[in-house]
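Letters are used for the chains, namely A, B, C and D, taken in the order the chains are written, and counting of residues starts over at 1 for each.
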Amino acid sequence: MAIRTVEQYLDSLNDRRVVYADGKRVNNVTTYPKLRAALQTCTMYYILENDPRYQSKMTARTGDGNIVPFVFLPVKDASDMLRKRDTVLFLARTCLGVSAGGSFVAADVLNALTVVSQRMCKEVKTDYSERVDAYRKHLMKNDPIVVGAVTDAKGDRSLRPSEQVPHKDFYVRIIDRQRDGIVVRGAKWHIARAPLADELFVCPTRSMRQEDRNYAVSFAIPVNTRGISMVMGAREPLEEGDYDEYPLTSARATAEALVIFDDVFVPRERVFLCKEWKFAGQIAHMFGNFHRLHADTYKYAEIEIMVGAASLLAESNGVEKAEHIKDKLSWLAFYLETIGALGQAAAEHPFIDTTTGLAYPNPVYSNAAKFFFADNYHQAVKYVQDIAGGIIADVPSFKNFRRWKTRTFIEKYLQGKSEVSTENRLRTVLLARDACAAYRQAATIHAEGSLASQRMALYNSSDWERYRALARRAARIFDGPVYPLVKDLPPFPPQLSGIGCKST
Amino acid sequence: MAIRTVEQYLDSLNDRRVVYADGKRVNNVTTYPKLRAALQTCTMYYILENDPRYQSKMTARTGDGNIVPFVFLPVKDASDMLRKRDTVLFLARTCLGVSAGGSFVAADVLNALTVVSQRMCKEVKTDYSERVDAYRKHLMKNDPIVVGAVTDAKGDRSLRPSEQVPHKDFYVRIIDRQRDGIVVRGAKWHIARAPLADELFVCPTRSMRQEDRNYAVSFAIPVNTRGISMVMGAREPLEEGDYDEYPLTSARATAEALVIFDDVFVPRERVFLCKEWKFAGQIAHMFGNFHRLHADTYKYAEIEIMVGAASLLAESNGVEKAEHIKDKLSWLAFYLETIGALGQAAAEHPFIDTTTGLAYPNPVYSNAAKFFFADNYHQAVKYVQDIAGGIIADVPSFKNFRRWKTRTFIEKYLQGKSEVSTENRLRTVLLARDACAAYRQAATIHAEGSLASQRMALYNSSDWERYRALARRAARIFDGPVYPLVKDLPPFPPQLSGIGCKST
Amino acid sequence: MAIRTVEQYLDSLNDRRVVYADGKRVNNVTTYPKLRAALQTCTMYYILENDPRYQSKMTARTGDGNIVPFVFLPVKDASDMLRKRDTVLFLARTCLGVSAGGSFVAADVLNALTVVSQRMCKEVKTDYSERVDAYRKHLMKNDPIVVGAVTDAKGDRSLRPSEQVPHKDFYVRIIDRQRDGIVVRGAKWHIARAPLADELFVCPTRSMRQEDRNYAVSFAIPVNTRGISMVMGAREPLEEGDYDEYPLTSARATAEALVIFDDVFVPRERVFLCKEWKFAGQIAHMFGNFHRLHADTYKYAEIEIMVGAASLLAESNGVEKAEHIKDKLSWLAFYLETIGALGQAAAEHPFIDTTTGLAYPNPVYSNAAKFFFADNYHQAVKYVQDIAGGIIADVPSFKNFRRWKTRTFIEKYLQGKSEVSTENRLRTVLLARDACAAYRQAATIHAEGSLASQRMALYNSSDWERYRALARRAARIFDGPVYPLVKDLPPFPPQLSGIGCKST
Amino acid sequence: MAIRTVEQYLDSLNDRRVVYADGKRVNNVTTYPKLRAALQTCTMYYILENDPRYQSKMTARTGDGNIVPFVFLPVKDASDMLRKRDTVLFLARTCLGVSAGGSFVAADVLNALTVVSQRMCKEVKTDYSERVDAYRKHLMKNDPIVVGAVTDAKGDRSLRPSEQVPHKDFYVRIIDRQRDGIVVRGAKWHIARAPLADELFVCPTRSMRQEDRNYAVSFAIPVNTRGISMVMGAREPLEEGDYDEYPLTSARATAEALVIFDDVFVPRERVFLCKEWKFAGQIAHMFGNFHRLHADTYKYAEIEIMVGAASLLAESNGVEKAEHIKDKLSWLAFYLETIGALGQAAAEHPFIDTTTGLAYPNPVYSNAAKFFFADNYHQAVKYVQDIAGGIIADVPSFKNFRRWKTRTFIEKYLQGKSEVSTENRLRTVLLARDACAAYRQAATIHAEGSLASQRMALYNSSDWERYRALARRAARIFDGPVYPLVKDLPPFPPQLSGIGCKST
């Protein structure tokens, strides 16, 4: 087969996977209410793959004429990357700010491993590179949802993996190496869509030292493998499936889970790193490089909705002409479009890995995009809440709108500008409230790396030599290293006799 | 009687008041789950009044030896105001950031009316002043929960009350004047604790012009009066009563409602403004002046908890020594204590109304306090969420902690620093998540007036003449008005011969 | 001739132009010390045009083989615009943050007039379009420095041109229309490089109404025309020509002037707008559109030096490893590169005027760039000053370094990290101090339009219909206008039976 | 004698002190033009002491009837501290933002040494305490200008004093201990008013370890002592004495210098710390505690002028009614008054040193004040420059106003709102430009400690135990330490049966 149908996907979920929520085992993930929104998002992926109108966006045709999912194709240049950006943006717009499916993270792990495994081949004679390629073929052929599992439980963050005190399993580690595979233990955390995925793709979250070598491990494995348990995280509680009340949260979700590996056997051909500790950090680093494009893109779609809601709110309150409201709206548009420009610049000016020819987004621009949107997100929320007025703090539930008595009150008294129906005003407020949910704020800061990690990435990717060389030229410091760009600049100021001197 | 018992209060709530929630009539507000948190807060007020340890804080003894609730006493100077501040702070600390009871808003309406009704007496010969005094006596004698009802539904905010298009009831108005009272129609919104109160105390929310004179109305009335209906607003949904999951939201709440007046008769002696439109704005303005102290104070208690939670989080994550974490914690402490200092300065340096001798908080400092905390609240939330780490975005529910299987997983993998138990870490995260709830952010911006209204209040209260006079002196502009402070300053620079001249 | 030599340029300045500085007439602008830095910048333009290494950047070859200055060529697409951006960036890097020459502003006026004059041709039958084209040919042939003169004196900013009280000349206006030309009066302000230019290119700064029609005027004229006087503005005083002390300010400058038109006659063929008041605003608007690219570009070069200086300072103080210093440096790099990405995106995604085929920078991205750099510039200054340490507040003058006694003290005690010579540290501090000069901060806010005008431009250029359509789709509001992008999106969430329902 | 006359002060300056400026020896500090502004400020101190109208502010009467300078009196409680604050504020208002005289810093050193020397007495048997008291008496009797000399040259900031590489004199150190005194070498930096002072009062700037013990030194000494040289720092260059052009900078200044100690002998009775390295940090810390009040106070006076100038600018531009201008003005008033409230709170709620009974400003509030004003100063500058309009970037010099030809142009074209004379507008712009000078920005960040040091001081002074205890109570964590305040709070929520439960 090549691309799966919705039915094939849904059927495959009934595989005795071990998922817990609110302390109880979930018998059937397809009918569990708290998973519905995430399931809708995952399902949408296959709907689009099979819909003739969107198939060309979602898939590619290989040389031998097979249709394969686009997400797993290698990205080689700016044009590939812009297409990838367009696809993610399309998915995120479709799914109200979340990119459907969810193998994008795993594809970034795949690309990172492609790069690092080829480097490893040169240095330590492994066949990881072949295994990675084989796994890529498997993914293209079988079209599963595979989720990247990168972040570990971490325990005490001031201690390295091998230094942890109560136990040693805060980071996933190898506890046994056997002839045909390895046994792993530990937990990965914040693993989006794990309960609804087919496979997990594990890689290290940080650099390792020799004493941490057992934590240098990467592998792929089906989610229903014996020993794997998932505990669902809770976002803000929601009245399940009430689209009117929670137009975003009830429609799409990412279903993060804590994934526990309780002595899980991984067959040899799916192991991509096994104690080669020197390469753990490279994988984590390259993963970050590849991955940045994703958040830079879907976030644009999420914020588009938020900014649009703010504009609708201003109108329905009758304040769209007030100078301070226009001021806030213009800032929101600036916020949105700067994210867009930075994300686009990251895709248009990629870096190329010299070993593999794989392209990854420009690290300065992509980190600038992530830093900019995460650093200013709470400001955006503040502006939206401010524009909304007090109604956003204690709007009566939409249920009041469904019964005639309360509907009468609400229709009459919650109307704003007369040109906007009370129902539409209410829907816009509920949308804005949902868009400003606190879990989304927390996720904006933490998903794809903290603000501090973004700043360090920016620090490390910036062209300090150029900046310093230009500053030295300006300061007339001539004893430093010669920098090409500066060497090519003409001398300034020009040496001309007579000008600027008092004539006698 | 003088002060009521808890039982008296609870019994009084069973009075056929008309409350709707989620579209349905609430039969009994004392057993309705979504009102429990607010009821706990209100009940706490009477518990404290009757507890010998706290009675002296909560009550005062009148000349004739009666115990009366402190909240309704007139405030005459800095010392009274500091006591009021201490009481509000004590209540807010007790109730996790919400000041128990809730007659504070109404007391501010009462004081505003005391001032304006005395001014009116001089100008338009009314007996409102006597009525206000009588109402104050009634409140002191009967110790009810009375809530201020100030904010109207408003409709199109770019239009005045009488200009609204679909109907004319967006602001509460007088539709009939009878020999022994008036009939009112309209709705007041965001009325905290209305479903659990005894009485409503209505006053205008803005200035009025002659054409709006029917909207110039103030009165007090029991909540179970015929024609009054309340529709409860919804904050973020909560699993009712789960203290572990939502330690703040499940414990205390303010239960805002939309209060509809459907042709309600108000007896003459409880009417305090009736079409004297010139005074509507003065009441709204003086209410704002009196009211500012309240938010400036309870917010300190709320943020104390938030800042404490951040410190506990830093420790349990093992990052309390990281420079950027200490940086954020120090900012949070700065944020908290600046709110405290400004609120305290507002109480220590009050303004005295010359007509009545009533004291109100220094308007510059109290508006600075409100503006500062509301303008920076989202920044504080960002820092708390940042310090918390990703766990705050998708922490598994506490229910997982109550079943042995999931508890085992969580105990093991969600531990942070080994000195802190996983349970305590979890509780702290849940507290921080609850403290950062989006409805609280929206409420922080909008409760007690928007940021824009704060800025305008600051603009209007600032001593521009002084600032300008000092600038003119510095700029050597001598043709402006003479300002006392500047007149008393010596000339500068001094006229001394010889100094600073090149010696010849 | 085609391109001028340096000598030709310098000779041409001796033309009896009327320039005042510090209250006195400047006899010779080429020898006046306070004009030296600006003259160096202007001269550099001709040096580069004539230098074989840079000629291809600075000039173009026309069909008939003539070399013409590149600056006056029409810009037709992204590729032209990127070349223009590269040229401006090259010039600005060469001249330490200022783009040499200075006809860029005038070229933007030229392009704006090209567009609007063609529109006018269709509506009001004028030959302005031919005159503009002829003027473009004149500029390409004679290679003068021509400066755009857009901003008027303005008087009371709350009043329109014709409403001003003390006199009517706050905006340049036509006071007489003669057979062969017009007579104008008024003043243009902040006209960079006017004292060193060959010609002035005047256009309106705002939209006009019928009563302001005499202010609807555009023309070009030599600076030494009878009736034109220029009063030089003062930036921060500098010790003229001390490159060591003021490495930036002493090397390059923009020499703003107040240009007074005291009943100046303008011949008919150089008049491009004469009372057609409806088009005044269009010219101002299109000028803004074209002009944005300029500041977005040279500012990058200016800030590159500032960021490089900060990095050198951190090192020479020995604090380059401190976390909070790296944090600030990473922000500075983020600031710089976001300006770069936005400016580049503006050039890569231009808008094309349909009448003329002229390209102008994408207005959303170019305004975002200008707003971003101006809104954050003071923050950047704060960080640079913070990293520099106290030395930047009161560094002893470089003169101390030239005498042995004080040099001994300074060499010894002002050394920082031992690897950096004291002289280099001093030079870096002096560079940073100069880069943080207050006049530059003020210019950053005001040059090319205020923050408020940027916000309004952003507001007006943003794609609100798209944002609102996506928000309506998310809020399930279906009665609004149909938006193409939304129409092409698939429905979401998908309608699937069975999923997310509790199994029975 | 008790208080000195102006003449006595000026005469005393002619004492062969060694001062260098711009590489040359200054022969006479009273006639050196670049010292004039600072000299005016210092002189003003004695003018006020001798002026009957102000004498009671500036001096106190001792038990035996002598008049002594107020500045050197010990401060014992809130009332003393409020008086001190009032005096500093009066001086700073008089001298346009700088507190005249300048012994305030030294008084803070004196108080710090008073506290620490008494602690030392208990631990290490020294007579420092007597020496400090004797020195206080000397100061009260002779009324000199004595300046605190705290900050060292520092060299490489990542190295301790004894670790510095090129030489060991970056911090002042003891190079010889003799029977009747010590010999010191090194340099103190940023020493305000040193060239115009009578004595220097030296103390350590940081904590020391045993290996740094030679750097643990404190002493007082006349500025003209053999071996002391001073190199003046340069602020922005100014046209000396042009009050119209630079109304602030030409009138008052602080005249920072680098003070070099080239093997200077200090007599025994003026040595207050000599190698007791454990106490160096305590002195630096207590100095910081005492000193904070000073900047918190004079800065208020400085910013008052800036805010007043902004208001005058808005008016003269005719934009005082624009919403975004009022918004910025209201922020400026908020900024100013929050500094005032925090500074006042620091004085009203002092801490008392238990050993000596000396009061120092509340460290939380005083550090909050310093952090708040320094962190937001650039924002304030941005707003002032924004309100001013482009005129602040390139205003023609006031000299143009003194010659009829240019005055005619300027009178006509630089007028703003017609009610404000052009001269007054010009003066206001020049004032605002001067108030926004870059050296003042740098000084605001660095004077009295960097932003980072403020944050650490806030971190260390905050009542974390209280915040954490309240958070634990809210999170229902009951196993931590018992905190008094929390113990006294009643339990919440109350345990009441029946409430909030669905009635059956």
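We take it that a contact is a pair of C-beta atoms (placed from the backbone, for glycine too) under 8 Å apart; a residue touches a chain by one contact, two chains touch by 3 or more.
It should be emphasised that the depicted structure is a prediction, and the values quoted were computed from it without experimental measurement.
*Asks:* Trace the shortest sequence of touching chains from subunit A to subunit D and report its length in steps.
*Replies:* The distance in steps between these two chains is 1.
*Asks:* Determine the set of chains touching subunit C that also touch subunit D.
*Replies:* A, B
*Asks:* Taking each chain's centre as the mean of its CA atoms, which one is farthest from the centre of subunit D?
*Replies:* A
*Asks:* If you tally the C-beta contacts, which comes out ahead, B-C or B-D?
*Replies:* Most contacts of the two pairs: B-D.
*Asks:* Just how far, in Å, is the C-alpha centre of subunit D from the one of subunit B?
*Replies:* Computed value for the inter-centroid distance: 38 Å.
*Asks:* So, what's the distance in Å between the C-alpha centres of subunit C and subunit B?
*Replies:* 49
*Asks:* Any idea how many Å lie between the Cα centroids of subunit A and subunit B?
*Replies:* 39
*Asks:* Give the residues of subunit B that touch two or more other chains, as numbers and ranges in rising order.
*Replies:* Where subunit B meets two or more other chains at a single residue, that happens at 324, 327, 452.
*Asks:* Can you tell me which positions in subunit D touch subunit B when the two form their complex?
*Replies:* Subunit D reaches subunit B through residues 6, 10, 27-28, 30-33, 35-37, 39-41, 43-44, 47-48, 51, 53-54, 93-96, 240-241, 243-244, 247-248, 251-252, 301, 304-309, 311-312, 326-327, 329-331, 333-334, 336-338, 341-342, 344-345, 348, 364-365, 367-368, 371-372, 421, 424, 427-428, 430-431, 455-456, 458-459, 462, 464, 466-472, 474-477, 479, 485, 489-490, 492-494, 496, 498-503.
*Asks:* Can you name the residues of subunit D that touch subunit A in the complex?
*Replies:* Contact set of subunit D toward subunit A: 322-324, 327.
*Asks:* Within the complex, which stretch of subunit D touches subunit C?
*Replies:* 20-25, 151, 153-159, 164-167, 169-170, 187, 189-190, 229, 231-239, 256, 258, 260, 317-319, 321-322, 324, 377-379, 381-382, 385-386, 388-390, 392-397, 399-403, 405-407, 409-410, 412-418, 433, 436-439, 441-443, 445-447, 450-452
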